[in-house]
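As structure tokens, here come the structures.
Below are two complexes that have chain A in common, paired first with chain B and then with chain C.
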Partner chain A sequence: MKKYIALFRIRFINGLQYRAAALAGLTTQFAWGFMEILSFSAFYRANPAAFPMEFSHLVSYVWIQQAFLALFMPWGVGGNAVETIVSGNISYDLARPMDIYNRWFFETIADRVSRATLRCAPILILASILPLPFRMKLPSDLFQFSMFLISVPIAMFAVTAYCLIDYMSAFYTMSRYNAIFVIVADFFAGGYIPIPFFPEPVRKIAELLPFAAMQNMPLRIYSGDIAGMDAVYGIGLQLFWVTVMIAFGKLLMRRSLKRIVTQGG
Partner chain B sequence: MITLSNINKTFRVARRQAGFGRAVKALFSREYELIHALNDVSFSIKDGEMVGYIGPNGAGKSTTIKIMCGILTPDSGECNIDGRVPWRERIAHVCEIGVVFGQRSQLWWDVPIIDSFELIRDIYKTDEKTYKNSLDELTMLLDLGELLKTPARSLSLGQRMRCEIAASLLHKPKILFLDEPTIGLDAVSKIAVRQFIKKLNTEHGTTVILTTHDMQDIEALTERILLIGKGRILLDGSLDELKKHSSSRKTLVVEYTGVMPTTSEGMTLKEMKDGRLIITLDPEILPVSDAITHLAAEADLTDVSVSGITAEEMVAELYREYHI
Partner chain C sequence: MKLYFKYFSIHLKSQMQYKATFFLNFFGRIVMSFATVASVLFMFTRFNQVDGFTVSQILLCTSVVSMAYSLAEVFARGFDIFPRLLGNGEFDRILVRPRGIIFQVLASHIEFLRLGIFIQAVAVLLYAIPNSGVIWTGDKIVTLLLMIFCGAAVFFGLYIIYTSFAFFTTEGLEFMNILTHGGREFGRYPYVIYGDGILKFLTYIIPLALIQYYPLLYLLDRAQSKLYMFMPIISLLFLIPSYSFFLIGLRRYKSTGS
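Now for the complex of A and B:
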């Protein structure tokens, strides 16, 4: 375990040094969140009855999403796993007494946490002092808040386990970007619009997919859209999908390593 | 103890002719070619040996090294290193070995070397005392000192290579695999690296397996040579044996004043420039001493030097002989 913590530490320190990137990300995410809320508010004013979430729930959903974007986004993190595959540097990683899957998992988590650490606070502070309809609220009670706190890491593990499957596809394709992998996950995890806004039959299916175990769950628990026992069931679903995706990922890793080829020295 | 027997490894490579039409065709049906990277490779290496593994580019050197490191799984054949099959018990196996891939880097690019070293310490679960001990020793022998505080990206290639070698030895491995460790280094760095490897082998009894294209590495370091070509082991023996195996021809460089001496049977004139002759000599027809006596009788010699075939020439000759 110590070695994974050491890896996490060096990666975390490495991530903290990119201050300019953090500032740029911060501005983008704040502007993005604000525009998203404004456009949703236009829909809400047109017909509040056709709006599937309470407006205040939606506002919290968007702000938490933007503040913790780095924890949940299915793109742009842990990219050097793919690079080691494509460049062949994976030779060195394989010459270490370390499980490659676990290693990438920890590295990706470290990337996510270090980025979120730099970015979340200013967005959270700004979002909680905005004028009212746009202001982020605290969860309704302590239960809801603790459910949120449990759900966050599981959602992060879920999206990371999914990303790792995506990285491993590079063993077969030698390609760096698999846009379809990212877009499907982002869409069905409620990254563009929250799942309650999906049309009925699609929504029912989407609620059960592995993507529902990603940002969808903690964001809706925080905002109060999923409350009480539903939150407990939701976390159960998350645990189920995380287990399935990690098991599948480890299996895929074992198969991939058997047929791995490294060329050119 | 390292034993490889009948190792085979094949790669599948997609090939097509140039051109747009062919590219479109390849979308639907692709032609593959099987490359036999290793063909029935067998050898064994005893503890504490220092072995040079040579062969032209693409001969299968790196593939063999990667199989011995547990990185690649061969298609068939057996490999046993200290009682373990590398690719089956990869994690247990790699604790006992150190690897340097001269063309790649294992150091963290943006952080000081010492941070990378500490990470490696944690990865190998090396205890603090052993780590301190080997760090001190490596720092002294490889003259790392100030380099430890520098990020890898600001080091020169030679400095970085010294750090790479140190990084591979922090956990005191029993076997060290060096895949082109002197590639791109200047003369001073090469000599430093060679001296260090030699010392490591004699003092710690570390088994060293070295691939290189630099024949001076081989001459300076290894007793035993394995020659591989087109995926097959072609020769296994000492450098001297190999030299004997190839031609025994000598090169004579003669400087003289006055009349140019004539050559006799067994001597071939290769080059002549004012006052200087280069002659190749077949000692089986004309012994070296007789040749010198003959030349001395004909002209006033000011300097004579006799040299055997260089390792470089020898290898080039071997490659030719085996058509690799």
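Now for the complex of A and C:
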């Protein structure tokens, strides 16, 4: 465990170096969140009764989503895992006394946390001083807030475990990115529009899929859209999917490593 | 032009080397770009109009912007990787060759994968054309074509600006994404729904509304004036400041030396 924590620290500190990139990134994310809210408010104006969430819930959803984007996005982090597979450098990693799955897992998480650390504070501060319809509210009570805090890391583990499965597909395809993998996860985790906006039958299914264990859960718990006991059940569902995905990932890793052939050099 | 076609066919051949991967990714792109359309359709299962636009009218808008964007992306992809050319010194080679700089940057990379988005957008457009309630006459068709091609030009201009920033920072700037990628993503709805401020910004500063919202009004007969029809042509003026910005950057260029 200690070596993984050390690995996490190295990656985390390394990630903190990119401050200018973070500044550019957070400007984009702030503008992005603002536009999202504006588009939803147009729909709200069109027909408030058809709006499936409270508007203030939606506003908090969008701001938390933008502030912690790096924690939950199913793309663009820990990509050098794929590179080691394609380039064959993975043979070095195999020689190290470290489980590769765990190593990638911790590296990806370190990337996520360091990026989010740099970016979240300014967005959160700005979002909480904006004029009213756009202002992000605090969770309704301490219970809701603590449920949110529990839900965040589990969602991050879920999306990371999912990404690792995606990376491992490079053992078979030798290609870098699987756009479909990314887009399906992003869509069904509520990255485009929150799950409550899905039409009824799709929504019911989407609530149970592994993607619901990703950003969907913490964002909706924070905003108050999922409250009380529902939040507890939600976290239960998250734990279930995280366990399944990590178990599957480790199995896949063992199988892939068995058939790997390193060609000298 | 002949030379460009030569480059064109070389890029096509090289990207076709791994056929299975190419078509897999190509298909992936098509599915991927449907996510945006799906989100529009999902919203309209609850709401039947937004600011007076029906779902087919919105899809008309979505597909036109996607097409414009993807055309710009296929051909201006070279600009997207331009910061890398600056970083690794490749750009010095471009400078010493006896051909236009913009031409060479354009020819340095053509991304056929991005045509996936275009094909998806054509499919959506074919659905939207009969359902949008537009009475299609000659001038409406011209308007539609103007929207697509001038739109591509505006996105192209945005790519040039994105690239030019790289002269100053040797790195691409992420905040430009809100205009390029964001312009497309938020262009799925007519820009008017984002309110007055945003519409003004997108009319006078970055003329994306000129290729989307105003001609759309003309298509839907909400505005009769021919001016609205030719708005996309006015948007081409945007290429002037973006090109001059590129030239300013170029004058400041110092090799990284690597």
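Here is the rule we use: the second predicted complex is superposed on the first by the 264 of 265 C-alpha atoms of A that agree within 3 Å, B and C clash if a C-alpha of one lies under 4 Å from a C-alpha of the other, contacts with A are read in each partner's own complex, and residues count from 1 in each chain.
By definition in this document, a residue touches a chain if its C-beta (ideal position, glycine included) is under 8 Å from a C-beta of that chain, and two chains touch if they have at least 3 such contacts.
What you see is a predicted model; the values in this text were computed from it and never measured.
Visitor: For A:Gln17, select first, second, both or neither according to whether it touches chain B, chain C, the two together, or no partner.
Guide: A:Gln17 sits against chain B, while chain C stays out of touch.
Visitor: Just chain B (first), just chain C (second), both, or neither: which does A:Phe134 touch?
Guide: neither
Visitor: Who does A:Phe43 touch here: chain B (first), chain C (second), both, or neither?
Guide: Second partner only.
Visitor: In the superposed arrangement, which partner chain does A:Phe8 touch: chain B (first), chain C (second), both, or neither?
Guide: neither
Visitor: Contact-wise, after the overlay, does A:Tyr92 reach chain B, chain C, both or neither (first, second, both, neither)?
Guide: Touch partner of A:Tyr92: chain B, not chain C.
Visitor: Indicate the residue numbers of chain A shared between its chain B interface and its chain C interface, in ascending order.
Guide: Shared contact residues on chain A: none.
Visitor: Which residues of chain A touch chain B in their complex?
Guide: Where chain A meets chain B, its residues are 2-3, 5-7, 10, 13-14, 17, 87-89, 91-92, 94-99, 257-265.
Visitor: Chain A touches which residues of chain B in the complex?
Guide: Residues of chain B touching chain A: 11, 62, 66, 69-73, 90-92, 94-95, 97, 99, 101-106, 108, 110-111, 115, 118-119, 122-125, 179-180.
Visitor: Tell me, which parts of chain C touch chain A in their complex?
Guide: 21, 24-25, 28-29, 31-32, 35-36, 38-39, 42-43, 45-51, 171, 173-175, 177-178, 182, 186, 189, 193-195, 198
Visitor: Given the complex with chain C, which residues does chain A contribute to the contact?
Guide: 21, 24-25, 27-28, 31-32, 35, 38-39, 42-43, 45-47, 50-52, 173, 175, 178-180, 182-183, 186-187, 192-193, 197-199, 202
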